[in-house]
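Naming follows writing order (A, B, C and D), and every chain is counted from residue 1.
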Amino acid sequence: MALEKGKGLSQEDVMEMLHHAVKKAKELNIHVSVAIVDDGGNLAGFIKMDKAKLIPSQIAQNKAYTALGFGLPTADWYEKIKDNPPLLHGIVHTERMTIFGGGLPIIINDELVGGIGVSGGTSDQDIECAEAALLIFQ
Amino acid sequence: MALEKGKGLSQEDVMEMLHHAVKKAKELNIHVSVAIVDDGGNLAGFIKMDKAKLIPSQIAQNKAYTALGFGLPTADWYEKIKDNPPLLHGIVHTERMTIFGGGLPIIINDELVGGIGVSGGTSDQDIECAEAALLIFQ
Amino acid sequence: MALEKGKGLSQEDVMEMLHHAVKKAKELNIHVSVAIVDDGGNLAGFIKMDKAKLIPSQIAQNKAYTALGFGLPTADWYEKIKDNPPLLHGIVHTERMTIFGGGLPIIINDELVGGIGVSGGTSDQDIECAEAALLIFQ
Amino acid sequence: MALEKGKGLSQEDVMEMLHHAVKKAKELNIHVSVAIVDDGGNLAGFIKMDKAKLIPSQIAQNKAYTALGFGLPTADWYEKIKDNPPLLHGIVHTERMTIFGGGLPIIINDELVGGIGVSGGTSDQDIECAEAALLIFQ
């Protein structure tokens, strides 16, 4: 599916991303929540799978928000801050900021159009689900 | 689709409800957000349609929460409180409480299993979308 | 049960109050939440009855807080502010403030030691439950 | 006391759990707060013992919420994250999340029906009180 320049995420994209992230989670036999935010950091789509736990459903939203909020995968953060004590002990307190894997920016045609966050599995599994969702843009 | 007693909403139910609410909104030519909460008032599913506005997307979540939180359609509240000034001036300030139409409790087999909220059209249109979603249980 | 001057509410008092408020609610065939705050406005005891709804369980806490917070029954407020538009339209926005019945200050030996809030029935029913709880001090 | 499948915690269960947690705390000569949340993470019951301190009374609620929110004892978390720096520095900032002992999931018939949190003693003492409460289900 192609995304037109400057159009942002469509509702159809969001539905399809939720679908693919959940499908991957089922393959991995994990129970996750998936959140997608638009380019304003506002919730565009969300789904909680059966048996998904409560706190990860909040974390999924935070991951999506963080990924959009810096335009970076949440998994990149620890490497960036680990040798910088003020950030390691400081920036992690930023509201909603998440520094572990499972949040990916949604970047289309070099344009940051949103963020997706998955939570409920290991960081690697969560990332795998988020990546599966992003495949719809290829 | 039948809901088993004591099972609550499934993720499949939620996805299908989002789909039908959006489908009805398209028929009505309005742009809404749809939120579904589970029986604990926690977000189970959410979608924002293309061109849907930002504040209604928050209102949709509040409507779903209020409908679950009292087990009543949000549209019932004004009639209930209009001749009771302490409630009319008071209960409306309850956090997240919404007293206009568009939120419906999800009651299956006499069991309150969640709430759905739609916002973006008129109250009547929002209610119509929420009702369309609830038809999946019939 | 006598309360010693300056001793505040004991945990035993709180448990007994919760018990009596719930017992009255059962007699009235309503499903309520009951909250008790100490003289610092902090939660001292809470119980949600079976089938009690979610938003009233928050309102119960707000009623207890408001009753302690001014040392007045929450039901007294509307009469106080109805002919004073700045208060009628203003003070009701104070965080957690509740201006309808169901919250009572706990005043023992002329000392304000806490507040109790009941929510889930009509205002009159909620008040009746709160009053039943206060009877333990007579 | 047996819990019927799909019924969740009853108010009677909650009252009894509060009673037993407090009884154990008295045996240990500590002053705790005890919080119980239902399967939606919402407060179902709470009691603060005489002489219990203010911040632990909030921590007790967070422990109950965290135990339900992941379906795990809060005491398990440090072991899980100590060798995973992104989680160690990151997940601890999740709102209400608590990674030290005193919160236990309430799991009955393989079903996660709530969480209990105790705070006011050492972690081990808090856990002992929470475990005493869970004994009512055996």
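Here are some notes:
What we mean here is this: a contact is a pair of C-beta atoms (placed from the backbone, for glycine too) under 8 Å apart; a residue touches a chain by one contact, two chains touch by 3 or more.
Note that this is a predicted model, so its numbers are computed, not measured.
For the touching copies chain B and chain C, the fraction of interface residue numbers used by both falls below half; the interface is of the different-residue type.
Using the mean of the Cα atoms as each chain's centre, the chain most removed from chain A is C. Mean C-alpha position of chain A lies 43 Å from that of chain C. If you average the Cα atoms of chain A and of chain D, the two centres end up 30 Å apart. Separating the centre of chain C from that of chain D, both taken as means of CA atoms, is a distance of 26 Å. Contacts with at least two other chains are made by residues 54 of chain A. Arrangement of the chains shown, judged by which pairs touch: an irregular graph that fits none of the line, ring, star or complete shapes. The touching residues of chain D, when paired with chain B in their complex, are 5-7, 38-42.
Chain contact summary for the complex, chain A toward chain B: residues 10-11, 14-15, 18-19, 22, 38, 40, 42-50, 54, 57.
On the side of chain C, the complex with chain B involves touching residues 53-56, 58-59, 62, 75, 77-78, 82, 88, 92-93, 97-101, 123.
Of all residues in chain B, only 40-41, 65-66, 68-71, 85-87, 89-91, 93-97 touch chain C in the complex they form.
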